[in-house]
Amino acid sequence: MTDTGHSAMAGPEAVARPHPNYVMVWVILLGLLVVSILGPMMGIFWVTLITAFVVAVIKALMVAAYFMHLNIERTYVKYLLFTILLLMLVLFAGVAPDVMKRAGKNWEHVSPTSGAVERPRH
Amino acid sequence: MAHIPLAATRSVTGIPAGRLAMWWVLASEIVIFGGLLASYVMLRLQHPEWGDEAAHTSTVAGAFNTFVLLTSSLFAVLGHRAAEHGDGPRAARFLWMTVGGGAVFMLVKAFEYTSEITHGYTLFRSVFWGFYFTTTGLHGLHVVAGMVAMGLVAVGARRGQRLHRVELVGIYWHFVDVVWIFLFPLLYLAK
Amino acid sequence: MIAYLVPQASSYAGHIDWLFTLILVTVGFWFLLAEGAFFWLCFRFRRRDGVAGQYVTGTRKEEKRWISWPHYLVIACDVVLIVATVYVWLEVKQNIPPADERVRIVAQQWAWVFVHAGADGKLGTPDDIVTVDELHVQLDRVYQFELMSKDVLHSFSVPVFRLKQDAVPGRTISGWFKPTQRGRFDIQCAEICGLGHALMPGHVVIESQEEHQAWMRAQRT
Amino acid sequence: MDAGPAHVSGTAGHAPAHPEPMSFWRKYVFSTDHKMIGMQYMFTGIVMGLLGGLMAYAFRMQLTFPGEAVPGVGVVTPNLYNALVTNHGSIMIFWFAMPVLIAGFGNFLIPLMIGCDDMAFPRINRLSYQIFFLSAVVILVSLVVPGGGFGGAWTAYPPLSASAAYNHTPLGAPLWLLAVALEFVAFLLGGINFVTTVMNARAPGMGIWEIPIVVWMIIVASILFMASVGPLIAGAVLLLLDQVVGTQFFDPRAGGDPLLWQHLFWFFGHPEVYVVLLPALGMTAEVMAVFARKKLFAYKIILYSVFATGVLSFVVWAHHQFVAGIDPRMAHVFTVTTLLISIPIAEVTFAYIATLWGASIEFRTPMLWALSFVAEFMIGGVTGIFLGASATDIYLHDSYFVVAHFHYTFFPIAVIGFFTGFTYWFPKMFGRMMNETLGKIHFWGTIIAVNFVFIPMFITGIAGDHRRIYTYQLFSQLATDGLGRLRLVSTLGLIVMLLFQLVFVVNLIVSLVAGRRAERNPWRANTLEWVAPSPPPHGNFAEMPTVYRGPYEYSVPGRREDYWPQNVPA
């Protein structure tokens, strides 16, 4: 984006937007980080899942909202990014039946050591 | 220097061209990392035994790096605030602090890599380590690229030039941060 | 339709050909209609002196009908085709009927290895008959195959059966066929597999019960 | 670069905007001007396209006369055959269709049609072309390195593509993949630039429903590209590591998965079809409206259909993998979505046909190309139904039926689309008119020949000819005289078609040197690019235009002129 050379181009709403308390946001993020480290230490599957991944989503949303200022950005930017994320979900849903499992309808993985594949007799 | 085409100065959407383009850059980055991470997650679910491999990643280093990136993001956004108030030198200082955060991150990453590789956990050991090095490596490249961009912007910002770029490079940096926020649990916490 | 060019030698070949004909008729109708309208309009509204173009926006309701009515008709056709397709796909690929015979097909660069179950009907027993590039099957028996690959992707394609299935290394993929016509037909590899992609022709030999028994006896000695 | 604010440059008439001399390098090679970058893309694309055509000549000759030396090429070995087929596909899509249709016309047209002086980021635009040029060099180098060019088909399915032990092209395969990846980066940069420019830099008065449809379609195509290419870029990184370093992401023996690549590839690969289709569809609409002297029928319906097509194109990808070993239950999902996508595309076609109602059609060369696009594309469209229906795809998959089908889509898209746009905007690009007689000879020769190339392929495909097989001699059912004759017809058609391209080259040179000077608006068209001088100077417009109406106000009742340019106040 090196070509936009001057600040006069910044739109009318670029001047003096309200700034949240960034340090506070940062402290909360660090708190969540601690939670996400301590949670998996309990070794319970569901706790790990929630503390590691749900917390990650919350952290990401906070960074996006307050640091990237998506909370005050034009709405369609949010929609754009959301649609793109949704697309990744579509990718996952379409691919998972074939890649996420070792067996499915009318197919299964062959263990490379099972010797199921035979040498041809010439 | 380059003249500014009229095209770059118009703003029909109300978002300046630079920031609008940055959002599109992020959109295309999301699909790159999204595709990579989706692939990893699917194969990880196919191979529960990868949990044993993941046990050899260093949670401490990962957590420390998360802390470093979150803090550098804070500096980036403080730099943005300074730039919006027209305080170029202050913005530049914050940017340099962000660059410093990136440098610490890469340093820790380098130690991690060294320790892992010397213990035999190389790219070839298993597909898990392949993904580990590829995702963190690709992320690391983004960190380095962000550091370079930020340094260039900081040089200009110190002289009060092109202050709007402070925000753009900041948005990019926060994105790199967000990617790490997901990499951390995927590679380090899920064991 | 396809049967004019390639014989039908499996129980479901006719169904795939029927679906092909159904689609051909459906899209053929649309194709002729659209091309006919298109060329007629091109001719009818060629430039003539003193005749200006008309101002038609295509936004009024009676104008939009020219799009919306065909649109609903297309949806109706799609529904018919989807139902027919699902029905045939279920039969050919998804639901495997109880097997009379089993055969394992192993593809490699650049040959087909066929493991016939032999007299006991089980794979992995000493009476298995292994052949290269030639698959022997018996008429009117339901064969269930296990398809594998040793190296890269291949595709087991038997045009007379209307059967095609990729062989993926690391996977066993199951499918079925029931031969219905005696003869010796081509097996092709339909997924590029390297230099010898054209050099891995196989044959399926479909035999009557007596012929098949005789062949099996000959293999055992 | 050029000093001075661009938007005040240019005077009325043909005077160049910048009287100060520019060096050859600045003007033609390292230009940041969108028009020059568009030309660079276009001419690089034309050269690559001709190369791709000649590759087709080599492998068609081998297929028709197996084992015999091809005149001008020599004996086509299996290795060379695979490399030619692979690179023909890759080059025609990535280095001909995309650069010409999206980058070439996109760069040239977007700023002109939205009434602006340049792209929002001219230097990123230049970088985009430079990366693209590098990628073209890499793909050409990959053909001549030791071991030969990559021969694993443009889909590059692993494990064949992942290991030199399987594909025997230790250098060709990684270079091919590197070239593709570079090309993606170039188009990502270009796409971001296009979208930002059109969103932000439209002329005053140009709301979203006053944007010419070709610009809309290029933007939708760019967005489709940006949103779909990411997973494949990620996949390309993984595959490149597999090839070069020796990781095992797609190696089933170590826990990788070959099917993963297929999904990543087609998640991009199918939207890619629409990425190249839409610009061609848009150019066809522009040309049809102008030469039919008609308002485009139901502009908004066309656009909504295009959006629907774009959205649906993301959920149809696995119809390329029906027999690839995917879960058979998923095939139903993808059959449904695939057949659904026929609805919006059919609607667009109906709207195009309806545009001709009540028209006053002038059969100039661009219009002939545009009409032939509609006529030929319909063949490609309807034959797609056979392949989108999972059950018939079992039989037709990877047969010449598929080849014929997608050539009936890609030929109209890439070749006819290119000629439509090129003959139509030639006066604007070079300030001269093209020769009409040569243009028509070229048109009829190409269009008649191309049907002889591909219609026989439908029949050989139904008869069982599989793709990418360099000789059918070993297949008793396929090595028949009848099929051999059909293959011969295809090959002869191809040679005739290639020879007729010489007419185009002659026409191009003659018209560039001695064509009649073009006035600003030789076709009496409405869109803004015809307001600028021919050719437009740097900065495009003497006075930045303001838009007062939509782009297709032709034959408006009560007006003396049968056109009403967008920038003329009521």
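Labels for the chains are A, B, C and D, by order of writing; each one numbers its residues from 1.
What we mean here is this: contacts are C-beta pairs under 8 Å (C-beta built on N, C-alpha and C of every residue); 3 or more make two chains touch, one makes a residue touch a chain.
The model shown is predicted, which means the values in this text are computed figures rather than measured ones.
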Across all chain pairs, which one has the most C-beta contacts? C-D
So the centre of each chain is just the mean of its C-alpha atoms; given that, what is the distance between chain A and chain B in Å? 13
Report the inter-chain centroid distance for chain A and chain C in whole angstrom, where each centroid is the mean of the CA atoms. 40
For chain B versus chain D, what separation do you get between their C-alpha means, in angstrom? 35
What is the distance, in whole Å, between the centres of chain B and chain C, each centre taken as the mean of its C-alpha atoms? 48
Quick check on chain B: which residues sit in contact with 2+ other chains? 2, 4, 8, 11, 13, 15-17, 21, 25, 27, 30-31, 34-35, 38-39, 42-43, 46
Residues in chain C with touches to at least two other chains are numbered 93-94, 170-171, 173
Among the residues of chain D, pick out those that touch two or more other chains and give their numbers. 120-123, 227-228, 231, 252-254, 257, 259-260, 264, 267, 325, 328-329
Got a list of which chains touch which? A-B, A-C, A-D, B-D, C-D
Contacting residues of chain A [partner chain B, same complex]: 1, 3-17, 19, 22-23, 25-26, 29-30, 33, 36-37, 40, 48, 52-53, 55-56, 59-60, 63-64, 66-69, 73-74, 77, 80-81, 84-85, 87-88, 91-92, 95-96, 99-102
Chain B contacts chain D in the complex at 2-8, 10-13, 15-17, 20-21, 24-25, 27-36, 38-39, 42-43, 46-47, 123-124, 126-127, 130-131, 134, 138
Chain D residues touching chain A - in the complex, by the definition given at the top: 120-124, 227-228, 231, 252-254, 257, 259-260, 263-264, 267, 314-315, 317-318, 325-330
Tell me, which parts of chain C touch chain A in their complex? 93-94, 96, 104, 106, 108, 111, 113, 115, 130, 132, 148, 150, 170-175
Using the touch definition up top, name the residues of chain D that touch chain B in the complex. 1-7, 32, 111, 116-123, 188, 191-193, 195-197, 199-202, 226-235, 237-238, 241, 245-249, 254-257, 260, 264, 267, 544
